[in-house]
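The two complexes that follow have subunit A in common; it is paired with subunit B in the first and with subunit C in the second.
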Partner chain A sequence: MSKRKELEAKLIARLRDDVVCVEKTDPRTIFIDVKRAGIREASKIITNAGARYLCSVGYDNIERDGTLGMIHTFALDDSDQFVCCRTSAPENDAIIESITPDLPSAGWSEREVTDLLGLRFAGHPKPKKLVLADDWPDGIYPLRKDVPHNLVPKGAEDVAYELDEAPPGTKIVPVGPFHPSLHEPEHFAVYVDGETIKGCDYRGFMTHRGIEKLCTTQISYNEVPFIAERICGICGSVHATAFSQAVESAAGLVIPRRAEFIRTMMLEFERIHSNLLWLGVAGHLIGFDTVFMQAWRVREQIMWLCERLTGNRKTYGMILVGGVRRDITPEIADDIRRVMKTIEDDLAIIHRAIEKDTSIHKRTKGVGTITKQQALDWSLVGPVARARGVDIDARRDHPYAAYDEMKFEVPVLDSCDVWATLVIRVIETFEAIKIVRQCLEKMPGGEFFVEMKDSIPAQRHAITVVEAPRGESVHYVITGEDNRPERWRVRAPTFPNLQAVPLMLLDEQFGDFPIIMGSIDPCFSCTDRVAVVDLQTGQASSISKAELDALSRQQQARHASLKG
Partner chain B sequence: MTTATLHPIWSYVQVLLNLLVFLALAPLFDGIVRRVTARVQSRQGPPLVQSFYDVLKLLGKENIDSTGILPFRLAPVIAFASMLCVIAILPLAGRATAFTAYADAISLVYLLTLGGVAVLLGAFASKNIYALIGASREMTTMIMVEPILFMILLLGVLKTGSLDLSAVIYGTPMAAFGLPGMVMIAVSLFGLQAFVARQPFDMAEAEQELLGGPFIEYSGPNYALFKYYMMLKQMFYAYLPIAMFVPLLGTGFYLADLALQLVLTAVVFLLIGLLSATHPRYRIDQAIRYFGVLFLIALAAIAAAVVL
Partner chain C sequence: MWLTSKIKQLLMVMKPGVVTLNYPHERPPVPANLRGQPVFDHQKCIGCGGCSDHCPARCILVRDVCQELRVMLYDGSRCTYCGRCADICPEQAITMSNSFEIACDQKEDITTRMELFMMTCQRCGRCYEMEKTNAIDRINLKGFRYDNLEQRALIRKTSETFDPTLLQQSDQYQRPSTKE
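Here is the complex of A and B:
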């Protein structure tokens, strides 16, 4: 607990009366309450003490004491601790000092809070709209408690987002909302001089559907994991696990060890499929469709495995508050071992081919370069950060589920480019296979679900991180009345990484735009927090139920024959 | 060559035959590339005639004229027509057509360039930023690659001392290759993907970056014409090294020569498919460096041919 004392001493020495309290209850999380005058100074002190900025959470406390709350969250990666620095501002004077000038990646968090809660930030370098639609009326803040979840305000005509001025001598290339290198609707205005990128502005959040609002007004704790899983079409289990862990931590619920092992396995399955998916997309983005097809062919194995395991290729519905929904039987364990072997062998072939391919080197080495210092300044996470020499991995630094028992390497490279990201994601796939095998080996018997019996007291704060394939996801939960969270904040890995993309693009060639953009594996839906509708199921719903049943049976038969 | 002995009517039939061979086979050869690519990617791939279906489908679609200006509508017609002219003057399998005598190596290069210029014309007329970037890449590629083509033809001119097309194209294999000839074979192999604008040199169309580049605003029949033009152009560029560097059988049977050349062209397409399936797309700056080296080697070969 020395870190806590050290921080407390530093804060009190510098801020004196502005520090309201430093909570001592939770060993892993340090909650610090400061008066709003000291918030910027406090966050500076915390970062200077070696903490890494995660995200900021705003919440509505008007009914209780007439204030809007703001929490800046940080991680102490060396000592497996989190620091949550809380402050508040009265509703009628809703303004606090911005920390963005010190921590650039706080920019979006603060803009989001301004949009959704009406809390303003003095000294913010770019106080533009971020999340809300361009024609959303002023003065309605959707995350405030007095705004109903189903409010549909009247749309306005002729309202458009004002993009940044193009630097002199440049042309604007509009990328998106629909463009083959973006797989979801987002808009980039890329300013090019000839073919050299001189800057870019981003307008995203086009598919914001207010999942957080929905889950804090309509449904209960036990149902949220299923919605959380639908935040992302790729890393659903990550969000479900992160939410469940936050609730379990707030409730003080200890889940069975076997459930933690199964969660670990599901997360690693997701990592394998996501890394292979990304590898394919990266190949496609540099015009190398053979990599795309081959990587996805290998990936198909894990999709079928998950279908046999959970009934679904994706969106498994495995994670519950209190454990998991299905057990791993000895038969399915053999199946898993067999599939892991196939994927390992096939991926090794692809890996060897890519490793020596000079034309892939040409398109990825020295592309999208930013320095380690810039990566740290912008709080990059995941493979994108590890490719820039930043040695962080939530699985190792803040172990959750069964990761404390797992042995795995965290690859860190320092060539700071797209190539390093690619290598890291391939290595991590092999590491994920290792982890799955360890899970099967070491998994204890017993229960895999424990029911939450007591109701969770309101106004408890909890923060958890889960390492998604593309980086760390942060979930912050404030418990509430009526068996549902009062505030739930999801920060997907794309949220910080996307903010640094303009920096990666600067002075690169326009031809490299797709792969630089793609190198962070952007998940716009995570960032926007929407429910992604799979095109395939959309199609399937239009055929009759009998046809669907017949199709499913064919599929099952195919799997059975494959297994045999 | 052998034209003198033929009846004049035959030389006109020859024109039609040339056109027929190219129009019928170019989409099939495109199908070969698609199939080869598919096999490399562990896919089954489309039927060989898929490119015919594509063109047919496009012909039945609405022709959207997004700019309403004449150059935009004319561009695909000019491109297609220029390619037909190239085919009409081509001495296929060593037999000159009615028009070969009126053309020479220089008009061949002119007509090929005209097709490229028509693509640029359409791109600039469409006033789309993606088309403009694509056009600028296409232009850079043309400036670098056309001289290489010209030098390959020039070797034939130097060998035979004539600009006559039959002499230029078939002069090289008939005379001794020599070192410059061998170098030129290598140059045309290494330049192949650039001539046919396939990976790694499809920067101008670059689907993931430029969404088709110069052709982005085109649809329906106009786009079909461009597609057909591209396929004919690719077949021409795949056929050219075969004609220039593989000697004719000399059996006197025209069909035997033609069949051999076409089979070899199909093999070239196999190679094109393999190369494009195993390469990512280069960036334009990387491509320019590559063309630069190729240009210098070709120049050296020409110099050697002059000196030796």
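Here is the complex of A and C:
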């Protein structure tokens, strides 16, 4: 019996009338529509069938039938399938039962939907603001269709985020929003007892740029990949590829095989540069700057190669809906082979020089440990999960682009610490070099772009996953009118991984905070997905919050008048 | 173990030596197909507005000030240098140059403004549609356009014939706000 039939039988047996329909639009995706009363039970049945929770997507359907939609998405890794469980709630009674008590990693997704769409979740253990700013007015839900993308809301005065209560006997150490160990603005309140971390609360989403709203109101399909690329400065191609694949899947467009090979190569270039970048940063965070300098020296080769190939060091701009923009010529192929050889040799030298260094071992072994079961419960992804014995890799489990033809190893270690993450990322760099070579060898000829004959029909749903260097990215697209998506949800790998950081920090030394945090390779901006404003805070002498607010506003007004 | 690692690390650092370029005295090679500052050729431009319609950063604006005169404005301060405008241009009027040292004090130094004299038939946008065969690359904003150039705001309201009231409305454009 097929997986779909099996699931359908189980769902109907347990939920009866609550199941509206089960449909399979393509071999990979199963859509299950359930009434809202059965959503928690349905998600339990799906996870019990061996599915791994990915993310939840909320969408505004008020104009069509007066409801707010909610989709919980899951992956069946052993049979390469995705299960999307859809439900809805009327706008005037926008409340659905929370699935977070069963699946802790759904916590953020649900809080995000509450903030952006005004759909509430009964039984959510922590119904606090997540995405929106503390002074965002109540009752304005930015992702609803009636809210303009460029709305300037009236901010509230004197509102502050209320942190979780500190465990008794602990002191709070605030880390961030601006802190040397964080490369992007986020705030952690770390509860410490002496040097030992006893808990932590997180207030992030300070760089929310409203990308999803922008792309669903302002630009058309083929511009989204360029904005998607700017979700993250490191794994740009990942987001562009994932979006393009989702749209292609919704439109039923088959792209040329050569384009898939070129996409695979771009993704692997990105993995090489990202892993080298992370290796450098990890070295830097534990105070070992030789590793930082040398890893980044090696990385520069790949940056220059990509500049020659795509016209830019990063934000390659290679991916479009329908294929890629530039071809790989025989000359550039020779260039790629030469650079791969240099990187392989240089990285091997670094690897040999650091693998037995006791100072690195002391800082990384046994640090940031969580068990395999905890990693599964919090649905961790990428090297962070693989370092905890969880054998998942979207390239192998849900092959996309040309990965079905590639032969590569997925390194899995079970020491459950930062050291394992480091080893995995070095091994993956070597594997990435192998994949690039296979791509060059096996690449078929022909076109590298296909045009679309008709416009894309509206109201089609599609989901794709792409393995970014730091874990798997999930993109969900609902196609819309006017040549642009109606809803586009991006779940970056840091989204689930960051949720498990408090667990990783528990009972660790405060001095290890930077490297534990760094080990998940956090990309706050892609988690936020939502301009960085440079504000001078004035002198360091004591200043009240109101004064600081006034100063910041003056500064902003000055900036605005300079602009005008 | 510790000592052998340190010796290996010493060799790893010594072999490549100094690799940092002495910029700006020493310049890195600029690849031929770098996506640098876009250059607009007013001789070739037909004013279809395709670049504006497909600019992810929405930094190219189009404003019809009267029946015959169309102003195109490229604001380099918001440009992400993706080169999408050059791709979409049916007349190859935009080229991505390899100039990249374009940091400046005055925004106007990287702003290009073109005033194009338009023939009536060319502004319907149909010519553009014939040029592009890809369904999702066709022009969305057809006809007369009234972007607010001072505020750099792209206005998604167009008209088939020139409409002075829309032009006036565009001058009064303000971002929607819930502030008093």
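The criterion applied here is as follows: the second predicted complex is superposed on the first by the 528 of 564 C-alpha atoms of A that agree within 3 Å, B and C clash if a C-alpha of one lies under 4 Å from a C-alpha of the other, contacts with A are read in each partner's own complex, and residues count from 1 in each chain.
The criterion applied here is as follows: a residue touches a chain if its C-beta (ideal position, glycine included) is under 8 Å from a C-beta of that chain, and two chains touch if they have at least 3 such contacts.
Keep in mind that this is a model prediction, so the values were computed, not measured.
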Check your understanding: Of subunit B and subunit C, which one touches more of subunit A's residues?
Key -> C
Review point. Touch check for A:Gln509: first (subunit B), second (subunit C), both, or neither?
Key: first
Review point. Of the partners subunit B and subunit C, which touch A:Trp136 in the superposed model: first, second, both, neither?
Key: neither
Check your understanding: What is the contact status of A:Phe408 with respect to subunit B (first) and subunit C (second): first, second, both, or neither?
Key -> neither
Exercise for review: Name the contact category of A:Arg297: first (subunit B only), second (subunit C only), both, or neither.
Suggested key: both
Exercise for review: With the two complexes superposed on chain A, say which partner A:Thr358 touches: subunit B (first), subunit C (second), both, or neither.
Suggested key: second
Review point. Looking at the overlay, does A:Arg230 come into contact with subunit B only (first), subunit C only (second), both, or neither?
Key: second
Check your understanding: Which holds for A:Val152: it touches subunit B only (first), subunit C only (second), both, or neither?
Key -> second
Review point. Which parts of subunit A are touched by subunit B and by subunit C alike?
Key: 290, 293-294, 297, 359
Revision key, fill the gap. The residues of subunit B that touch subunit A in their complex are 37, 40-43, 129-130, 133, 136, 199-200, 202-203, 206-209, 211, 277-286
**Study point:** Of subunit C, residues touching subunit A in the complex
**Key:** 1-2, 4-6, 8-9, 11-13, 15-16, 19, 31, 33-35, 53-56, 58, 80-84, 87, 96, 107, 133-138, 140, 150-151, 154, 175-180
**Study point:** In the complex, subunit A residues that touch subunit B
**Key:** 171-174, 179-181, 192, 195, 283-294, 297, 359-360, 362-363, 509-514
Review point. For the complex, which residues does subunit A have touching subunit C?
Key: 137, 140, 148, 150-154, 218-224, 226-227, 230, 290, 293-294, 297, 300, 307-308, 310-312, 315, 317, 321-322, 325-326, 349-350, 352-354, 356-359, 451-456, 482-483, 563-564
